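Shared between the two complexes below is chain A, which has chain B as its partner in the first and chain C in the second.
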Partner chain A sequence: MRRLALPGIVFATFIFLAAPVLIVVVASFNSGAVLSFPPTGFTTRWYERINPLFLHAVYVSLVVGLSTAFLSTVFGVPAALALARGRYAGRDLLNSLCLSPLMVPALVTGVALYQFSLAVWDVTGIGLGGTIPGLVLGHMTFGIPFVIRAVIAGHARFDRALEEAARNLGATPLETFWRVTLPVLQPSIVSGAIFAFLMSLDDVPIALFVGGGDATTLPVRIFTTVEFDFGGDIMAVASLIVGASVVLMLLLDRLVGLEQFFGSRH
Partner chain B sequence: MSDVRFEAVEKAYGDFVAVRGIDLHIRPGEFLTLLGPSGCGKTTCLRLVAGFIAPTSGRIVMGGRDVTALPPHRRNTGMVFQSYALFPHRTVAENIAFGLEVRRLSRAECRARVADAVKLVRLERLVDSYPAQLSGGQRQRVALARAIVIKPDVLLLDEPLAALDLKLREELQVEIKRIQSEIKITTLFVTHDQGEALSMSDRVAVMRDGAIVQIGAPDELYERPNSRYVANFVGRTNLIPVVVRGRTDRGYRVASRTAPPMDFEVAGPQTATFDVGEACFLGARPEHLHLGTGRANAIEAEVRTLTYLGSVWRVEVETTAGEMFTVLAHPGEALPLSGAIVPIGWRAESCFLLKDT
Partner chain C sequence: MLANGSALAGARPRSAAPDVWLWVLLPTLAVLGLIFGLPLADLIAVSVHEMTGPAQVGDALTLEHYRAFVTDPFFLVMVVRTFWLGFLVVAFCLAIGYPVAYYLARTTSRWRGMALFLVISPLLVSAIVRNIGWFPILGGSGVVNWILMSIGLIDEPLRLISNFTGVVIGLVHALLPLMILTLTTVIQRVEPELEEAAANLGAGPALVFWRVLLPLSLPGVVAGSLLVFAMAISAYTTPAILGGNRVLVMSTYIAQQFRTVLDYPAGGTAAALLLLFAALLTLLALRVRTKGGEAG
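Entry: the complex of A and B
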């Protein structure tokens, strides 16, 4: 009995976590009425009926996610280094301010960004609302803090003597940054960028307020479809996302190892 | 090979003076050690040469070139750090090649020089390993190879052996010394371990509170320390507070500052002169004290502890004045029992006087 208890707990936890996902996948192949359970027959017609708008939404989500991850890294890494290394008055305050977007509910940020985009329109005539750049700007408000947090955490284990060693061996400050500082911090930077990407992909509130029109992301498209046009094709879309995630995970595990990817490399 | 010269170098952090006006000349090819307790300024001196910090005043001259204002990457020094500071994302070979890469050397020359350096530190089998896969001793060798492969003007060693266990430390002491004399490189070594300093150096500079107290060859420091501080930091010294009574043709006659006073004769090598009536200290090394009488000087003491050290016994005794003395007894000598009162004797030639500093 004892020997079965621990694996039993793990299995029960797994079922609890995976059951909703499995039901969606099963429902996507159900030929009966939407959301009826148990399933009454097998069909692939929901997959054939996926609205092309979803494809465009996937494209928008990927563009916004990758841009958010990239730009958050470009701004977040130097900021994190300045916060982790600088010795100046008000550093702790600055640190808190930089991380504060993570503590504000995304809905509030969404409303604020909407107002901000109106103000920008009034003053400059540049319309941010409903555009991909506007959405990327919105997502960077939490993308940058994610990168900052990951890099500061990684920097705590960074031996400054590494940089001194590089300088001593003849590297200029710039060479030292590219050849030593960045590569050594790379696992933290990558994990920060991945988190920024995932949070961008996952976001609804900000995308609801700032997006829309041509800049409708996948979660918003699903959200509005569920509200106004609920059908089996939603299940099909959801199942495809699950499938894509599983394939991605397997690939990552094969190539670098999941533990290494999400943890530290050294 | 070039020399390194400290000219009135001073380094202050606010009110705290880490290095106070040091003048020091490290000769070409010399192995010079800065020895002192932590916080004495020895590492600051090393970092001043590497260029990680700038002196508050004074100059640092390397091979006749004033480098005081040069940034670290233009000084051509090779430093070995206490934490090794190996690049974790690079293999052993890539670590060693770093300094050559930033010097824009050709691939072929890089490879040849890395191969030479690897051979010199005997790491041929590990060139493709990452630092995380190496033992402490192996990491130290990589750090050493990485520092010397760039043919630096001066090699800087910052307590490179402090993190290693005793056996490995002794092994690497010999190894570093072998490599240093093989490539005849000017070396500045920093340590708080007097054994390391004595066994490896051509000259040792003993430091205290940011200044050099005494500088000289290891045997010079050991046999003729110029102060109580050096006498106690370099080896072990038994001290008796004394007053100078008079001069003899070979040295001094002194008396202990006890009641009643005991008379001693001092004829060992001396770094300073002493006046009649001057209060100072008589010093004698443990290996020069003997159990028993029949020598120029003698005191009585009570045996406290006996420790077997393999080749000798270390006998800790307490004199009637309450000072703890260490005496070495060789196998074959009659050993006293703990608590026994024994005479301790030593020759006039094997003790010296020290100023009261």
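Entry: the complex of A and C
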């Protein structure tokens, strides 16, 4: 009996963890009311009824996610190298400063950006609220620190002798950087960029306050929709996201290794 | 710590010119300052100004909003509710997470990789989707109520969603993987031989847990709990969706002030306080973990 208790708890936990994800798929094919169980029949009509607004939101999410990942890498990698290799006073403080956005609740960052974009508009007439560039800037607040953290962690395992070897063999500093340093750091750069992308796709609080109108991401579109009404097409959209996540998960597991990917986060 | 740092700095020959790496860091610092530092400073500045009308912030300085937070029962109750939510989420995450982490840390089964995958994979499905998934499960005609009524445990459906209960369930679900991963790492560092030794000396499983396993894994338990607590009180999406606009915690209050009430100074004050709580808890968690790491 005791021997079975532990696996029992573990198994129940897995069901608990998987339940809301699996039920979304089941409910999306329910021909009756999507929120009632057991399903009364099979239908694909919820999928046919998906509001085109959701399609546009997918486009916004992808553009914002990819731009965030790219720009976060552009600004994050040099900063990570500067923090890992530099010898100057206040380096630890600068390091904490660069990672500090991760300690701030996303909602607080979101309302701060909302408030600030109003102030910027008052003073300069530049309106970033409700635009895709605004969303990207908002998501870079966590994207840059994620990339910095991943690259610093990867750099800790970096063997500097490789660079010395390249230099001794006649490579210029620039060549050494492009052909030795960057390739060695590539896995951590990639996992930092993927993480920034995933977090951008997932974010609600910042995109809710910075975006709006045409610049509404998929999670925010879902969020604002379920605030008022809970239709079957929401389940269909959610179920498609689950499908995309599974594909992504398998890809990620193949490319980076899931355990490593999430293990390196903290 | 400080003495150690300056001794190191003294030992190294210091060049007069600032390190070139500082110049490399500069653009990123400038960007983060512009998109994060300034907006945050502006938000805190707004919180010490008067509200002169909807979406209007006056010029006069005031600490009135902060005073209200420590004197007005409305805010006190809200802060207590927020912390109670964090406490409940941590308690459930620990109670469920510890046995699961213990299993993952100790098992030699070939299913270990699969089990770990099952723990991690929900993290990769968008938070908004996981939130929505609770409606067909916890709703009035959802799975749980259907099961409970089918086996005759209840006659009326239980209210499990669009209230505080729903928020607790959703947050436990969201944060449990994090707790399990943290605890698994810690328990792995406790050598199984210690448990065996205690058992050989006659200690029962409960005693082994209380006197050996728990004390040795305590730094990880504390660090994980502080992190989960910080994330639970900071969360907005889950309390907003699963609370169904009925659960007023700090995060939902902040969003309300900025989205509908348009009292920016009041919202800014709550945001500044939430930021303070979350940052302090996270720093504390990091400190506990580093200490535990040094000891282990």
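Assume the second predicted complex is superposed on the first by the 236 of 266 C-alpha atoms of A that agree within 3 Å, B and C clash if a C-alpha of one lies under 4 Å from a C-alpha of the other, contacts with A are read in each partner's own complex, and residues count from 1 in each chain.
FYI, a contact is a pair of C-beta atoms (placed from the backbone, for glycine too) under 8 Å apart; a residue touches a chain by one contact, two chains touch by 3 or more.
Note that the coordinates shown come from a computational prediction; the quantities given were computed from them, not determined experimentally.
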{"item": "First, second, both or neither for A:T172, with chain B first and chain C second", "value": "first"}
{"item": "Chain B versus chain C as contact partner of A:V180, first or second or both or neither", "value": "first"}
{"item": "Winner by number of chain A residues touched, once chain B and chain C are compared", "value": "C"}
{"item": "Contacts of A:L252 with chain B and chain C, given as first, second, both or neither", "value": "second"}
{"item": "First (chain B), second (chain C), both or neither touched by A:F37", "value": "second"}
{"item": "Partner chain in contact with A:E164 - chain B first, chain C second, else both or neither", "value": "first"}
{"item": "Residues on chain A lying within both footprints (that of chain B and that of chain C)", "value": "266"}
{"item": "Contact set on chain C toward chain A in their complex", "value": "9, 12, 18-19, 21-22, 24-25, 27-29, 31-32, 35-36, 38-40, 42-43, 46, 96, 99-100, 102-104, 113, 115-137, 139, 141-143, 146, 173, 176-177, 181-182, 185, 205, 234-237, 240-241, 245, 251, 254-255, 258, 264, 267-268, 271-272, 274-275, 278-279, 282-283"}
{"item": "Residues of chain A touching chain B in the complex", "value": "159, 161-162, 164-172, 175, 179-180, 183-184, 186, 266"}
{"item": "Residue ranges of chain B in contact with chain A within the complex", "value": "50-52, 71-74, 76-79, 81, 83, 85-89, 98-99, 102-103, 132, 146-147, 150"}
{"item": "Chain C-touching residues of chain A, taken from the complex the two chains share", "value": "2, 6-7, 9-10, 13-14, 16-24, 26-27, 33-38, 75-76, 78-79, 81-83, 85-89, 94, 97-98, 100-101, 103-109, 111-116, 119, 137-138, 140-141, 144, 148, 198, 201-202, 204-205, 208-209, 219, 222-223, 226-227, 230, 234-235, 238, 241-242, 245, 248-249, 252-253, 258-259, 262-263, 266"}
